[in-house]
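Once you scroll down, you'll see the structures, which are given as structure tokens.
Heads up, the next two complexes both have chain A, just with different partners, chain B and then chain C.
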Partner chain A sequence: MEIARRRFDTLIIGAGGGGLRAALHLSSADAHVAVVSKVFPTRSHTVAAQGGVNAALANVRPDNWHWHMFDTVKGSDYLGDQDAIEYMCRAAPQAVYELEHFGVPFSRLDDGRIYQRQFGGQSMNFGGEQAARTCAAADRTGHAILQSLYQQNIRARTHFFDEYFAIDLIKDHEGYLLGAVVMNIANSELLLIEAKTTLLATGGAGQLFRTNTNALINTGDGMAMALRAGIPLQDMEFFQFHPTGIAGKGMLISEAVRGEGGYLVNADGERFMEHYAPNAKDLASRDVVSRAIATEVREGRGCGEHRDHVLLKVDHLGAETVHQRLPGICDMVRTFLGTDPAESPIPVAPTAHYTMGGIPTNRFGQVIVPLQHGPEEPVPGLYAAGECACVSVHGANRLGGNSLLDILVFGRAAANHIVDYLHENRYHKPCPTDGADPALARLARWEQQGDGETVDHLRTELAQIMEENCGVFRTEEVMQDGLDKVTALSGRMGDVRLTDHSKIFNTARIEALELENLMDVALATVASALQRKESRGAHSRIDYPERDDVQWLRHSLYHRDTRTVDYKPVRTRPITVDSFPPKERVY
Partner chain B sequence: MQTDNSNITRNRLAWQCRRGMRELDVLLLGFLEQRYPQLGTGDIDSFTRLLEYPDNVLLEWLLGHMVPSDRDVAHIVQEIRHAAVS
Partner chain C sequence: MKFSIYRYNPDTDTAPAMQAMELDDNQVTPGMMLLDALLLLKAQDESLSFRRSCGEGVCGSDGMNINGRNGLACITPLAALKTPVAVRPLPGLPVVRDLIVDLEQFYQQYRAVNPWLINKDPVPEVERRQTPEQRAQLDGLYECILCACCSTACPSFWWNPDKFLGPAALLQSWRFLADSRDQATDERLANLEGPFKLFRCHTIMNCVEVCPKGLNPTRAIGRIKELMVKRSM
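So, the complex of A and B:
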């Protein structure tokens, strides 16, 4: 089948903060850039980020990048790569000032400097008192970032393919990445975008789990595309559960609520975080709070009819304060629960939130893969940044406010490297004639007619299994069962049929492609989780409750073709400063 | 042909309901699934117009924080909020 072709210097798949930051840098450097996004760019998931972005500006309390680095390494439960973390924390103030320059209206102090709020896991002096490091544009930080970056990109003449769905990457026989096959959702027409460099910036995979805080678009497409191109996924067992999603529904109740003085209680009305984190209490890092809630629930102190959640109290702050300081949260609770948080506490439970693992990259954004013998090497022409990537700055657990920072810093870092690559590689390499075949075969499969299982059904089942068998609490038995079930479910994919084969906005076909992606990413997640026999950060096992640095201070790599997991060392050496050796994590 | 066109409109709207936030996905898609068959052409026009607004504006309206000045859009917003708790 002959499909239309377009050529660009760089193809960026994903128009969230990561993709747009990279695109802007490239277009400004006169590269010819295409950005593909399955939804209109400013509808990307980055728009949901309300809390803010971390940078050691020291505007509210003393701060410096080295403390930020310490907190990030500690928060990562020492699994983060310290060179990448140093790079990110040093680059943070610059990233924020750049946003200011692009027009992001940060909230300010009376003297005009950027206001900074307190978030969990932030300290002064390497583990001392609470720091204030998070910069926000009211509670619309993500929206403001996307909007500004999008406008700047339009000005810089970035070429957008809005509502195009990327199906698969194209690779030549030497292993060079040469672009991707994409589909126009409006009419199902295919387009082969040839590019000297391709950047994956497709965001996370929160839809793996039934109760999650993520938009429906977060189906791990880029991660699955990488897997199918023979690239392993790194550290997929580390999935962050936000401690406070609305129980059973998933809408996020931001840390800001606890930052303003809200706290958690169990069925006995007890302020239980005092037992789990005597200093930080309700502001301890996310994995600590999630696990505390899960423990309360497991030990029978949960609230509600099913005793499956705890309560987040803010009523003691007074109605005026609550309504004034947390208007967004109040409206959300009224809309989805029909109650007023100033009067009744909010039922909350740990909710799938952030994908720490992803496509392995170095701190230049290059996708790196292990060689048969010897160290890793970059996949020529392929980059990844943002939530779909694993650089790895979040390690086993991400700190709030560090993800927006990650996408900005590494979106730009990848673009920097791409600029150099484009200087050295001036011409397009020829695209092999069979380059698009795998993508076409996948599509053809969905044209099969007849009866079968439905996409919806399998997707619901998958999310349920993942929640039950790969959630906050994990054991060998539970996860083995999970792996068996997901494997069986993936075996049923061949029986799934579409009933709608139309061409115009056929969302059913898109959802089928998303399900294939979710299935691959789910297998990677459970398989990696089952293998890691320790507890670290978000990966918490009842049967291996301790962190084991001797055996497990290493990154996992899941390979799709063999369905196996192998490992590589953590980069414990920073760029210029001394390494932070693993210590017990107490808050 | 009538139903073909209607299907296309529904599918197009369904994709426009895919947003960057879970809250919006739940409210908009929930409404479309529950109420699309009963919507008249006027309502479909208003819903289409509503979906053209940015996510943060939709969130403010749908969470009842603000009310749209366009009366028809305001009406659809009310309907969506009703459908959410029904």
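So, the complex of A and C:
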């Protein structure tokens, strides 16, 4: 089958903050850039980020990047790569100032500088008093950033392919990445985009879990494309459960609520975080707070008819502060609960939120894979940034405010490296004639007619299994059951049939392709989780309650072809400063 | 619960038609939003097509016409809707399929107002200062999610979609005119001159009525007009 072709210097898949930050840098450097996104760019999930972006600006309290680095390493439960973390924390202030120059409407202090709020896991002076490091545009920071980045890209005349779905990457026989096959959702026409460099910026996979804070589009598309291209996924067992999703519904209630002075209470009206984190209390790291809530609920101190959640109180802050600092939260709570947070507490529970693992990269955004038994090597032409990537700055647990930072810093870092790469690789490599075949086969499969299972059915079952078998607290037995069930479910994928074969804006087919992606990412997640026999960050095992740095201070790598997990060392050496060695983690 | 949903697939249908669809009472739970219902209806018939993403009113994907009024399906409570709930695509734009409209014209209007900050000074090493009062001028403007509910509710937009910029784009224009950091006031105003781009707004205020974020494009348009008058004196 003959497919239309287009050539660009760089193909960026995903138009959230990471993809758009990279695109802006590349367009400004006169590279010929294509951004492919399955939704119009401003609908990408970056839009939903609320609380803010971390940078040691010291606008409110003393701060420096080295303290930020310490907090991030500690927050990661020492699984983060310290060279990447140093790079990110050093680059953070510049990344935020750039945003301000792009037009982001940050909230302001009286002296006109950017407003910064307290967030969880932040400290001054390497574990001292609470820091105020999170730069905020009210509680709509992601929206403000995404809009400004898109606007700047319009100015820079970046070439957008809106509502195009990426099917598969194209690789030649030497292992060079040459672009991707994408589909125009509006009419199902295929396009082969040849590119000297390809950046995956496709975001996370929150739809793995039934109750999640994520948009319906967060289906791990880039991660699954990487898996199918023979690239392993790193640290997939680490999935963040945000402490405060609206109970039973999942909408995110920003950590900013606690940053502004809100706190959690159990059924007895007790401020229980005091027992779990005597110093930081409600502003301990997310893994700590989520476990505390789950423990309160398990021990019978949950609230409500089913005793399945706790309450987040802000009414003591006064209506003015609440409405001014947290307008988006107020809107959301009014809409979904019919209450005003300034008057009544918000029912919350730990909710699947963020994929810490992903496509392994170095701090230049290059995708790196292990060679047989030797060292790692970049996949030529392939980059990844943001939630789909694992660089790894978040390790076993991400700090609030570090995800927006991650996409900005590493979107830009990848673009920097791409500019250099383009200087040295001036011409497109020839695309093999069979390069598009895997993508075509993938699509042809969904043309099968007849009776079968439905996409909706399997997707619902998958999310249920993941929630029950790979949640906040884990055991060997439960996860083995989960792996068996997901494996069986993935075996049933062959029986799924579409009834809608229309060429016009076929969302049923898109959902089928997304389900394939989710299934691969689910297998990676539960297989990696089962293998890791310790508790670290977001991966809490009842049967292995301690962190084990002797055996498990290492990254996992899940391979799709063999469905096996192997490991690589953590990069504990920063770029210029001393390493932060693993210590007991108390907040 | 009964629904009446606009269906049209140009691949197979000669003309659009309203289709009756129904959910069992036990599928309808308290607090459910219209989007939840549409997702359940799509589980019955996967060919039902609509855009959706965040499910909480921040991405702007699922603007549609609900019982005659534009809104976001994900933050429209089912309990408040008269049945059968009539769901149609946003009016005034070409329908691609079912509830999906072609938004290209809407996006063109957005791009036409140069919706980015223009500041001609050398870039400082740190942030540009802005007082909380100056920043407060942007409240009610920067929150726009480009859902197109307002522009497609506007008769002036229906009549002159190629000449009038519509409430969403004009709200964006004012968002930058109102920004103390922006230095392109003259160019922005010059760009809006003429009888159509701005002045086709007849303050019908449908835009204010339907905005799911509670924004007020009519007021923004009024402010642009005031500024234009002030500048010309």
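To be clear about the criterion, the second predicted complex is superposed on the first by the 575 of 587 C-alpha atoms of A that agree within 3 Å, B and C clash if a C-alpha of one lies under 4 Å from a C-alpha of the other, contacts with A are read in each partner's own complex, and residues count from 1 in each chain.
As a working rule, a residue touches a chain if its C-beta (ideal position, glycine included) is under 8 Å from a C-beta of that chain, and two chains touch if they have at least 3 such contacts.
The structure displayed is predicted, hence computed values, not measured ones.
Per the definitions stated earlier, placing chain B and chain C onto a shared chain A by superposition produces a clash between them. Applying the stated contact rule after C-alpha superposition, one finds that A:456 touches chain C and leaves chain B untouched.
In the superposed model, A:42 lies in contact with both chain B and chain C. One of chain B and chain C touches more residues of chain A, and that partner is C.
When the shared chain is aligned, no partner comes close enough to touch A:413: not chain B, not chain C. By the touch criterion defined above, A:251 reaches both chain B and chain C. When the two structures are aligned on the shared chain, A:108 is found in touch with chain C, with no touch to chain B. When both complexes are overlaid on chain A, the residue A:505 reaches chain B and chain C alike. Applying the stated contact rule after C-alpha superposition, one finds that A:212 touches chain B and leaves chain C untouched.
Of the two partner chains, chain C is the only one touched by A:151; chain B is not. Of all the stretches 133-141, 187-195, 205-213 or 223-231 given for chain C, the clashing one with respect to chain B is 205-213. In the three-chain superposition model, chain A touches both chain B and chain C at residues 39, 42-45, 47-48, 140, 143, 147, 186, 215-217, 249, 251-252, 328, 331-332, 335-336, 338, 502, 504-507. Chain C makes touch with chain A in their complex at residues 9-12, 31, 42-43, 46-47, 49-61, 75, 96-97, 100, 103, 107, 111, 114-117, 119, 123-132, 134-135, 138, 142-143, 145-146, 176, 179, 181-182, 213-214. The touching residues of chain B, when paired with chain A in their complex, are 7-8, 11-12, 14-15, 18-27, 29, 54-56, 59, 62-65, 81, 84-85.
Against chain C, in their complex, chain A makes its touches with residues 39-40, 42-45, 47-48, 96-97, 100-103, 105-114, 137, 140, 143-144, 147-148, 151-152, 154-155, 186, 215-217, 249, 251-252, 328, 331-332, 335-338, 454-456, 498-500, 502-508, 511. The touching residues of chain A, when paired with chain B in their complex, are 38-39, 42-48, 140, 142-143, 146-147, 163, 185-186, 212-217, 249-252, 327-328, 331-332, 334-336, 338, 502, 504-507, 510.
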